[in-house]
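Next come two complexes, and both contain chain A; in the first it sits with chain B, in the second with chain C.
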Partner chain A sequence: MPKISVTIDDKKLDVDVGKTILEICKESGIEILTMCHLKGLTDVGACRLCLVEIEGINKLLSACTTKIAANMIIRTKTEKIKRYQRITSELFFAERNHVCSVCVANGKCDLQKLGYKTEMDHIRYPYLFPECNVDTSHPWYVLDHNRCIMCTRCVRACGEVEGAHNWNVMNRGYQVRVISDFDTPWGESVTCTSCGKCVHACPTGAIWPKAIVQGQLEKKPEIIAELIEKRKMNL
Partner chain B sequence: MDNSTKRKIVISPVTRIEGHAKITLQLDENGNVDDAFFHVNEFRGFEKFCEGRMYTEMPIITPRICGICPISHSIASVKACEMIQGITPTHTGNQLRRLIQIGQALSSHALSFFHLSSPDFLLGYDSDPSTRNILGLADKYPDIALRGIRLRKFGQEISERITGKKIHIAGIAPGGMAFPLTEHNRKAMLGWIHEAIETVEIGLGIIKQFHKENEAMVNSFATSPTLYLGTVGPEGELELYDGKLRFIDTDGSILQDQLDPARYLEFIAERSVSWSYLKYPYYKPYGFDKGFYRVGPLARLNVATKVKTKRAQKEFEHFKKLNNGNPVHGTFYFHYARLIEALYCVEEAERLLHDPEITSENIQAHGRWNYAEGIGCTEAPRGTLFHHYKTDDTGKLTNVNLLIATGQNNPSMNRSVLEVAKQYVKGNDIQEGMLNRVESTIRCYDPCLSCSTHAVGVMPMIVEVKDIAGNVVKRIERN
Partner chain C sequence: MNRQDLQTIIYAEKAKEQNNKYKHKLCVCCGAGCISSGSEEVLKKLQEEVVTRGLEAEVEVIATGCMGPCNQGPLIKFLPEYTIYQKVDCSNIKEIVQRQLIEKKPIEDLLLFADSRTKPFIDAREDPYYKKQMKIALKNCGHINPERIEDYLVHDGYHALDKVLFQMSPEEVIAEIKQSRMRGRGGAGYPTGLKWETVYKYVSPQKYVICNGDEGDPGAFMDRSVLEGNPHRVLEGMTIAAYAVGATKGFAYIRGEYPLAIKRFELAIKQAKKLGVLGNNILGTEFSFDVEVRIGAGAFVCGEETALIASIEGKRGTPRPRPPFPAESGLWGKPTLINNVETFAGISPIINNGGEWYSDIGTPKSAGTKVFALAGKINYSGLIEVPMGTTLREIVFDIGGGIQGGGEFKAAQTGGPSGGCIPAEYLDVKMDYESLTSLGSIMGSGGLIVMDQSSDMVDVARYFMEFCMDESCGKCVPCRVGTKMMHDLLKKICEEKGTRIDLERLEELAVYVRECSLCGLGASAPNPLLSTLRHFRHEYENRITE
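Moving on to the complex of A and B:
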């Protein structure tokens, strides 16, 4: 594969053509915060956490959806980026009803970890306190919209890996919601195979197994990429 | 009586209790107490906002009601979940829960006696209010204060060594426990037993000495007879974790025995009053006026026939002799009863830690939603606690009823306050020590108002004497 030269955080690198900035950073051990990215799934740039500064471009671009190009000079940890990441994490918490202390994912939640990483000691924006439904209709799993951050990892895992397309997105702006089929209760879905990939893909306590309580949640998001690799081997 | 001649005294907030409340004393024209109101003026709303949640979340949500007895809430809740699932916990799961519950009772009783109440006994009711607290105690009796603090630490360490956290623990799960107990932690807990027994016995010595020196006061301190409710084992023994309910009458005769807690609504009804957020529960067959009953340490010892552990049984026998085998009605004896229970807790903890199955990995049975309704009951440090859930056919909660110990003591607390106020508050010249006696009546019950309603903010201690028109004619500020 042809190589190109780029500079990331003052470090000169020879990297493969055709990859995203995020992929290059991950390969080179440069940490970038992400929430909607999950290895194996198509990146959509939804969470806006992986923003990077590129010299010559006057706006921040998402590393997960921007392809690397020759002679790019990229910065991943400027004060501006840190400020934006802090704002983004605060907005995640302000948008819906996240109560870590009673959440099934407490201690094992990517959103909680993000709060620590961005040093979020308080939230400067008014909480919206939306009235969100808790869908308990599925016999094994629960979908709690209060804890959903609209990363859409469940939507992509269901469509791209399982091929069931049970999950979709409805509405826009703050009213946006993940829906099952045509906004039917999950338990009544005709497409869901109950495979549980969405449970593992979800980075928060929005989708969780009914059988467990706080302290027992074990999500394995890495199985999504592993499944894809195993299928390639079978072929 | 002409209302225009009445005066009103307000004590707000009542200090050294969990949560906040105020007392209003209504005086007549001669300065004698005419009536008393124990107000709880905060509101929480757990019963409402838990509706719509999955029932299995309740053992984690409801402990947030209170930082003193979160484990009791978790246990009552998890029992309700197990009734919904139709499963029973494993032996080890049950024993670990019992151990955690005992740890919490010990911690709470240590807090109530050593931190909150012992300053009255050791420093005196009429001592300077600014030092009549745990810090004042530490100054004058450092060894006792330190022992009290360490006893509470032991109680909390039991939770920590089993679940990793001291207060709002995770791991009490339907079917048992989520985490096993390690051998290292078992041994570490056993290391505390000797010191804990010594400390409780010191506490017993303090209270007995106080009884001896203040016999007249102790035996006349809010002594009106009430009914009692508590949990007992199959042979009528004291139970703090699991068992059946027993109601006794004012003379000690058994009204209901080996009552399944799931039938609580047949025997307990609640009524709201306009001047407090705390409801008035009562024994249904006797009606609202005659059905006052009490729960908590005094009630548990009054309903129990025996205590399973050796040292506590000896003290229990002494307790029973106080009223010749009849129920002990004196509210002041709550403190003594609490310490007897603390002794039982330490001995029971030692027994459980020697159970060969306590470190087993077989800690949880598994189930799923099977029934639409579940009722869980346990003995919180302050008394019998009920959690009652109704769900739809997916497990989503449609109705939540929480019957809290302090709520059940509320009618009796009111009456006790009235009795003590009549005895100690006379005339418009209100002395601080007199008011403290009224407050200490409340403290006997060790009420947890944040449990039964909510606690918001901290107010200075203000006592106001008001005439019937609401004009302040006298005002005392503590801070």
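Moving on to the complex of A and C:
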């Protein structure tokens, strides 16, 4: 594969063409914060955590959706980017009702980790405290909207990998919600195959298997990418 | 139908116009504004009155598109005298016809602007309202019947299409548009010719042309009036664009709140296909192009090009990050040219008169004319078209007739919820892309809301933030949560409960949302807040509790 030269955080690198900035950074051991990205799923650039500065481009671009190009000079950890990442993190926490101490994902949650990584010591914005439902109608799984951060990883895992299209998004603005079918209880879905991919794709404690308690959640988000690889081998 | 057949129709129509048996043409404005004030009833009554008096042999009564001063409607215009009557009521039609057509003594009290000018003009073209304007995109709006393709043909309609198909190569068309220095009228001001060239250069068996008619700014109705008043002009512009970039299929995305525009544009498509200026083998050439209408379902964000494309594809109307730009990967992943209604409306005059002619109009960096929708506390609200570089003062005072009730001008909001305000000390700013940007506002699509001293600027910022909060698609975090947070903080300050820390948070969030949002909606949502902070900071400071 042809190589191109780029500079990321003052490091000169020879990298493959055709890959995204995020892929290159991961391969080169440069950490980029992400939330809506999950290997194996189409990237949507929604969480804005992976924004990077590129010389000669007057706006910040999401590393997950921007293809690397020759001679790009990229900065991933400037003061500005760190400040914005912290605001994003605070807005995530203020948007819905995240109470780590009683959450099944406590200690294993990507959102919680983001809080630590962005050195968020407190939240400067007023909590919105929206009224959110908990859908326990599915025999095995629970969807708790209080903990959902609208990354849409479940929506994409269900549509792109399982092909069931059970999950979708309704409403707009801060009132968006993930819905099952046409906003019916998950247990009454006619499309859900109960495959559990959404459970593993979810970065927080928003979707989880029943019969576990605080801190017991075990997720394997990497199974999405593994599954795609295995399918390729079968072909 | 081939080229000769079309020429025959045009000659026949032109001959009919020249040997016109009618001595008078009576135009009744049937744009959405005048219809809502009762112009359809006026049209009916006028037609009846003409028949009753036995004048049908010499007076032709037609329904036209928008004439401009919408809040003075219903408007009727007598040609060739160019005498316009305003606020026409069914009860004074008899008298108007008697005095104007029989006695030839116009009723001065009912003429356009009679209630605000010391002496109204019998020939409306003499009025500063029209004198300061220059109509290119709106040229035939208000003169022709938008529901008759023949009316358009007589006024050089589809002449530009004929010219490009038989005398110009796609490269030459693009060169002409580039020479005109026209910039996209949707708001961002991207050079039109450059956009066309980019799409042209991508090699693909399938390309698309999209007309963005999802005009959603509060107080803006430029695209609606163009689509209602002269739909064929837009269709011709799209067809020329398709020829230039190599597209065979087009979509006109028109918002659902514009039923009349949709109806007239669909009718225009039908008529154009019948005459062979649209569809397969246009004018007997190898070139084929078809257009379909797609109706927007009331989401402001669908005016953003990538969201609009998703909506046409049948998906949820949410934007996606660019690059790739639609020119490379647009509708169904194919190279797509997407331009605004007003941009397409300006294409055929450029082809007919040459790029140089267009580039001589306006300012060095912003060529041509711009349509503005005047609204708010202005005497003559409605639709105007002026050369780029006309000052705000000329627009508000010379054309718009000044502030309602003799009030004092405080600020004008340009660009709607994505734009900013211009305070009184900058009344002499030239209205072009760069000047407005340097003041912290934007040209936008052309909405211009005038405010007087009674306007509370913090509340103005709160209003536009509420709009953006409601219209945010909810995909990216900065826009979804940021607009909600900023709105809540603004509301708190409006209620005089805000603190200095709230103001600091607000400013920090504004910059964050502007820089981090995924699409233009979020990136420009803080503009009204930032520009009112810049020009009217004291109004915020006065509300702060320590």
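Criterion: the second predicted complex is superposed on the first by the 235 of 235 C-alpha atoms of A that agree within 3 Å, B and C clash if a C-alpha of one lies under 4 Å from a C-alpha of the other, contacts with A are read in each partner's own complex, and residues count from 1 in each chain.
Throughout what follows, a residue touches a chain if its C-beta (ideal position, glycine included) is under 8 Å from a C-beta of that chain, and two chains touch if they have at least 3 such contacts.
For clarity, every value in this text was computed on a predicted model and none was experimentally measured.
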Chain A as common anchor, with chain B and chain C clashing or fitting: fit
First (chain B), second (chain C), both or neither touched by A:213: first
Which superposed partner A:134 touches (first chain B, second chain C, both, neither): first
Chain B versus chain C as contact partner of A:61, first or second or both or neither: second
More chain A residues in contact [chain B versus chain C]: C
Which superposed partner A:124 touches (first chain B, second chain C, both, neither): second
Which superposed partner A:196 touches (first chain B, second chain C, both, neither): neither
Which superposed partner A:159 touches (first chain B, second chain C, both, neither): neither
Apex chain A: angle to the C-alpha centres of chain B and chain C, given in degrees as a multiple of 10: 120
Partner chain(s) touched by A:174 [first = chain B, second = chain C, both, neither]: second
Smallest distance from any CA atom of chain C to any CA atom of chain B, in Å, after fitting: 24
Contact residues of chain A, present in both the chain B and the chain C interface: none
Residues of chain A defined as touching chain C within the complex: 44-48, 51, 59-62, 65-67, 84, 87-88, 91-92, 94-95, 124-126, 128, 150, 168-169, 171-176
Residue numbers on chain B that touch chain A, as the complex places them: 52-54, 56-57, 59-61, 64, 163, 168, 170-174, 178-179, 366, 368-369, 392, 394-396
Of chain A, residues touching chain B in the complex: 101-102, 104, 106, 133-134, 136-137, 139, 142, 187, 210-216
Complex contacts: residues of chain C adjacent to chain A: 299, 301, 316, 320-321, 323, 469-478, 480-485, 488, 505, 508-509, 512, 515-518, 523
